[in-house]
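Structures incoming, each one as structure tokens.
The two complexes that follow have chain A in common; it is paired with chain B in the first and with chain C in the second.
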Partner chain A sequence: MTTLPASTNRKMGLVIDLDTCVGCHACVVSCKGWNTENYGAPLSDQDPYGADPTGTFLNRVHSYEVQPLATSAMPHPAAQLVHFPKSCLHCEDAPCVTVCPTGASYKRVEDGIVLVNETDCIGCGLCAWACPYGAREMDAAEGVMKKCTLCVDRIYNDNLPEEDRVPACVRTCPAGARHFGDLGDPDSDVSRLVADRGGMDLMPEQGTKPVNKYLPPRPRDTLDEVDILAPLLAPVAEEPKGFLGWLDRTLERL
Partner chain B sequence: MHPAPSVIAFTTLSGAGFGLLFWLGLGLPDVTGWVAFAFFAVAYALAAGGLMASTFHLGHPERAWKAFSQWRSSWLSREGVASVAALVVMGVYGAGLVLFDTRLALLGGAGAALALATVFTTSMIYAQLRSVPRWQTPLTPALFLALSLAGGALLAGQITTAMALLLVAGLLQGMWWKRGDGAFAASGTDMATATGLGGIGQVRAFAPPHTGGNYLLREFVFVVGRKHAAKLRIIALALGFALPLVLLALPFSHAAAALAALSHLAGIAVSRWLFFAEAEHVVGLYYGAR
Partner chain C sequence: MTKQPRIDTSPHVSDEVRRTTCYMCACRCGINVHMKGGKVAYIEGNRDHPVNQGVLCAKGSAGIMQVNAPSRLRAPMKRVGPRGSGEFEEISWDEALQIACDWLEPIRKTDPSKLAFFTGRDQSQSFTGYWAQNFGTPNFAAHGGFCSVNMAAGGIYTMGGAFWEFGQPDWDHTKLFMLFGVAEDHDSNPIKMGIGKIKARGARVIGVNPIRTGYNAVADDWVGITPGTDGLFILSLIHELMRAGKIDLDYLARYTNAPVLVNADTNSPEHGLFLRDADGKPLVKDRKTGKLMAFDTPGVRPDLSATHEADGITHRPVMHLMAERYLDPQYAPEAVAERCGITPDKIRRIAAEIARVAFDEAFTLDHEWTDFRGETHKTMTGRPVSFHAMRGISAHSNGFQTARALHVLQILLGTVEVPGGFRFKPPYPKPVNAHPTPHCKYAPGQPLDGPHLGFVRGPEDLALKPDGSPARIDKAFTWENPMSAHGLMHMVISNAHAGDPYKIDTLFMYMANMSWNSSMNTRGVMEMLTDTDENGEYVIPRIIYSDAYSSEMVAYADLILPDTTYLERHDCISLLDRPICEADAAADAIRWPVIAPDRDVRGFQTVLVQLANKLKLPGFTAEDGTPRYQDYADYMVNHERKPGIGPLAGFRGNGEDVGRGAPNPAQIDRYIENGGFFVSHIPEGANYYKPWNMAYQDWAVGMGIFDTPQPYIFDLYAEPMRKFQLAAEGHGDRQPPDHLRDRIKATMDPLPIWYPPFEDAHVDTEEFPVHALTQRPMAMYHSWGTQNAWLRQIHGHNPLYLPTKLWEKHDFSEGDWARVTSAHGEITVPVAHMAALNENTVWTWNAIGKRKGAWALSEDAPEATRGFLLNHLIHELLPPRGDGLRWSNSDPVTGQAAWFDLRVKIEKAAAPAEAQPAFAPIKSPVGKGPDHLEWKVGK
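For the complex of A and B:
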């Protein structure tokens, strides 16, 4: 049924630290790898070695340049480069779910994960139209809608070692910029992280109530002494003294 | 938004077809026998033909029947239910007219209501989407209903009604365009809210996720043809509304009426192309394309 549950027992989701992400795209690669080899239709590529390669991805990393406004204290502030991973936000009020005509899209009551039942999907694409974040992509080979499953086939998988029971993107992130947990529990690690760092929603005005949160980048440090070698490079003696001073003055007079 | 030809054909043709069914259901014109057969054949060709065209863009058309199940939440599902109900009810009503020279007025009224309900559900598929600010307005269902009623009246040969409705629909079309041009800016969604980085400063897309294209860019970040939007709007207004009004104002002839109907459909198809091609999806912001 594509009506949304009134509430979910847990709100499993991701917290993405924009201060820490280095933009390496390892999460993109591990996501594509895991989700091609496991649950559901593989994430296909079209013309992968040709002139115009495209493909299905559940996670993409954008990069934005943010130019702070000039102030009297900081007349020429440096622009900040922010790497910005984006995948399904598993919204509480997910517009993609309610538009589905077949019941293929649903939000789970037990953990809030938004999934697509691929055997019911007719590939009409309306859920991708309804999503403001571009989280859903139609697979061109399979003709069904693909989206982030929060690695539902990893996080409850008893066959995996316990440290691997997190989404592939979280497990692979070399910078520790991605965190996984229950955002419905105010005492969970991820909830405390969101509270401490001022975690934010994307496009809050769209009314989707995303579960995933983003931690804003911290302001860049401003150092008083920019060049730490400068003191060592100053001239040792401005004016020669002693014998060299006498020699210098004498030679000047000649 | 990508203007898929199948969806443009569907909304244009089935809109006119269900509009014609609405007037036939009310007994306008009050026809029976072979004449009724001809009217119903045109209406079903447009309405059902349009519905068939809409399945061409599905990834799995063989599962389309599953789309009747989610009418509680989905406007697309409601459209499927309403359209089949309208076609079945009007089929029984039409059979009475064609085969038995009997007009079942109550059934016709119900069929007319279902035909309008179908057009309304179609329009709500677009009007419900907050992600496309140009579409999210009560003017969208108003415009779709007015166009369907005007096109239907034109096909049903209701000259004075058609002329009045063409004027109303043309006015709504102008209002819809005027509102639509400022809708994205008025929506409150911009680079700052999309990235959440607006508090730091001006946000600019620096590098896209991939060097190649993708489904999102093909489907939602369609930009070709916008530069001709003003010319196409004039063409849509001229073919869809002005020319049919002139032709209807002339002394009646079947050739002029047929030309008016064809011109109207062509104009509406152009307007529907713009409906998609000009619609900006907010996901374009992530790609710096708005």
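For the complex of A and C:
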């Protein structure tokens, strides 16, 4: 049993925009590349060229199809595809921390980042069971639990240019769908984005108080809505001769 | 509370950052390669780079796994077993080069056309083409014929440029972005960046694609169109916009051939051609004076409406012909809706939304500019509607006309090269007349008479021998496909095997997986490559192949020249070729060896230089007989295509010259210092309206893009196409064969048309009711991805995705398999359900399926047991239809491979042991990869 800090100075986390995530996996691989080389043990891969390649990834993108229900305004709504990147949400009430028998899992007081101290981790896997999001991965080679560090070795790193002191996934995201900042500060860019776009907690009923937020997709397919008031184009002509008459009249005015 | 451990939050990142250009796909982003102890530790995007501005896709970040891939070839090899077995012996480079010369030298001295040299997805075509030209063979092209030549040629013949490398939306101003049939790797990061940028400010994205993945998944509105009907949908939008008068008449009059006068006398041998002045300039009628004037006369107000009588012949402006064509009720939304799979209401709403944004949200920029007629404009009018399209509309037999239709739509809206619309990237805009024509005259021991590929202006430019037979092995630039600007790589092997139009001796290919995912009729191609004649000799006598990896094609070659990976080589991404320019800037880039190869491999372009030197090819040999270039880096710096113009535009002369200047021995060092690229910005006021903007034209001349200004007007009406129709009607001395006349008359229409994909007329559409497509995932590129230990964990499987209607009709459930049959072949493959899909379309990820033994994967890898290719269902020829002819499965204008015309039927099948067809394993020349990775190069 490990205790959580009563409060953290900041609540650093990610805001992920599901309206613009194209599902390209750039964040997944950038994360893998940075984190296999940096903090803690490498992110190993088993059977990498074989029948069942499985490796440790701290961030994965899942894709879900959504079939909206028919309404009178949209009797035949098209199905939609939502790409959903998922990594540790750095919860305020992180059950993965409180369940840890060795104190290896902890939440940092200064920024709220949830980390695993690999030297104390015995690889029991309780934290992965406790996490309702499936955001932790046991590294099969090292036998320790790996998770998103929010690139704690980047965001304060004096060896990086200041603009690069963001998580690798944020730096690389081509669509600009990932944002990083202090969600404990209501005036931060990320907090404003959450307020403006109706940012949501993932599975709030779990009571974990995740720091990371998701921005929902904007409504889709509004052109399919039956709207008798929608402006349609008014014809100037129905056949070529009429069109040429319109052309002449219009050219006179140009 | 638990005591927090102390951790180092400022660890050492890398010893050094080496900046070069990515090659995990064809996008050519800038990358920062972080080095530790001389090894590649991490790859990220280069923030300063014009293409990706710091971001990087999954492929780019996974480059480290490509550079360490166990599939890398290790040394030159000669075949010791039968072709296709994969049995090789490693040899020295001296021996390899000697073997190649012993084969090539006699060909060159006797008949250079016996060499067919075709390159795949390389980015050095101006160099490889130069090599082939100096060798003297007419048989050279790259892979555009099976990729997107319809898009490129359709764009150039309409407006002097197309999408992707040719231009981009004005991301800063556009408010409505509509994308058609995009392959998600073209132009990968810039489109993602652009979509993110415009969505952040609330602009609307409309995706037109049978499949709602990727960009279409984030599109605000999705048009799940029936494959092959995009052209019909676009012409219906044009119908609606013209009918409502929602077209930009001022723009059409000034900047297009809408006012140009066309001979309207059906009995005239010049029917359909432009009225021209003594200098050959198309004529328009001046609205102020009613007089005929050349289109570019200073002060002329071209009249879109007036006709002209001359010598008893009526001449009508193109605008009249367009009104007649597109106001026809055959293009009304009701008339096209069912075929397109889009409701008439939705077509109308989209037309209305396009018109609203283009005209009601028009804006002006206070940029003064002067046009090519000498008129100065105080402002620039913006029409914030932009479009993008790629292979989805291009890889159909109606793809050229569809690409043209889309460009005509853009032009009618006045949204090309204006703020908020579509903008060209240098060296585009570039009209047809600024491109070369094709060249094919060869002679023993002599270089070819000019560049191989070009843009025909009429039948006189076809690549035909004096007897009318095709001059090229791929039959490019013939009556079968007159405007085949990129050649027809997909026809080379079958034509060479058939000896039609003639036999060849040596097939030399680079980076093209022709015995697998890069060919139609994959099994047939393997048979052609291994077929023997009555003497037991191979029908295609010799095959030389260069690749960096143990691809499926390696096994089918006699001599392997192993290439390096992209971090071990020099390359140039050149303005002479396919540069990385932006709408506001000219840019080019290099690759350089940020690591040295740990194997006995050489960059292919350097090997070509070495071969050229051994063969003493002109162009590579100085007057005193000594080699001009030692290797590719030497060529990049010192080659001059014209005096002062070389492969790289930056840091010329003393290092300060831009575009034009003497070779600079320190040029590559300067590129490296600058991050691996060079950018020269277009001045404000010159950066829109480029085809007509004299400030841009003058800038382009200074850069060496043109020698003189090349202003032009857009070709709504493509007169070169009409010249082919005229020939088919019996005019002129170069006449098509009779069996092609009707098709040429029908398909070479100078105004965009739509016709059903050819396969529909050759197969029973009742029996084969389902469209079948492939697309590439964003995290994979061609066959390269599956050898990548990280990427294959993301996309290691490729089920056939079925829409709800078919899923339910055939009572499929998860884990089921289907037999998929086309007129040509049959495959049995795993299926999965996908609802966000056109209801008559199935699809899968491209090139995930692998042959056992290739790419250093184990033989039980899912790519080799459950992965599959649709290629087995597609033939390079259409099925016979009883006319005694076999028609090519290609676009009749350009010869583009019509991959996406495919029709199939689906049945539930018992699960086989593995996906069918299955092929015997090939012996791996590189062994197998390790069974685990714990990748970390630093301590």
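Methods note: the second predicted complex is superposed on the first by the 221 of 254 C-alpha atoms of A that agree within 3 Å, B and C clash if a C-alpha of one lies under 4 Å from a C-alpha of the other, contacts with A are read in each partner's own complex, and residues count from 1 in each chain.
The rule is simple: contacts are C-beta pairs under 8 Å (C-beta built on N, C-alpha and C of every residue); 3 or more make two chains touch, one makes a residue touch a chain.
A quick note: this is a predicted structure, and the numbers were derived from the prediction, not measured.
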item	value
Contacts of A:P95 with chain B and chain C, given as first, second, both or neither	first
Partner chain in contact with A:G123 - chain B first, chain C second, else both or neither	first
Which of chain B and chain C A:R197 touches, first, second, both or neither	neither
Partner chain in contact with A:V28 - chain B first, chain C second, else both or neither	both
Contacts of A:P68 with chain B and chain C, given as first, second, both or neither	first
First, second, both or neither for A:G134, with chain B first and chain C second	first
Which of chain B and chain C A:D248 touches, first, second, both or neither	second
Partner, of chain C and chain B, that touches more residues belonging to chain A	C
Common interface positions of chain A, toward chain B and toward chain C	2-3, 28, 52-55, 57, 63, 65, 67, 79-82, 103, 120, 142, 217
Chain C partner contacts - residues on chain A that touch it in the complex	2-3, 5-6, 19-26, 28-30, 32-34, 36-39, 41-55, 57, 63, 65, 67, 78-83, 103, 106, 108-109, 115, 117, 119-120, 141-142, 152-153, 155-160, 163, 168, 171-177, 217-218, 220-224, 230-240, 243-244, 246-248, 250-251, 254
Residues of chain C that touch chain A when the two form their complex	1-2, 4-5, 7-13, 36, 41-45, 47, 52, 54-62, 64, 70, 184, 188-189, 192-193, 195-197, 199-200, 206, 212-222, 224, 240-246, 249-250, 253, 287, 303-305, 319-320, 323-324, 327, 346, 348-353, 355-356, 778-779, 787, 789-794, 796, 804, 834-837, 856-858, 860-862, 865, 928-938
Interface residues, chain A side, partner chain B - complex	1-3, 18, 28, 52-57, 60-69, 77, 79-82, 84, 86, 95, 97-104, 120-126, 128-134, 137-138, 140, 142-144, 200-207, 214, 216-217, 219
Residues on chain B engaged by chain A in the complex (per definition of touch)	1, 57-61, 63-64, 66-70, 72-77, 80, 125, 128-132, 187-189, 193-197, 199-210, 212-216, 219-220, 281-283, 286-287
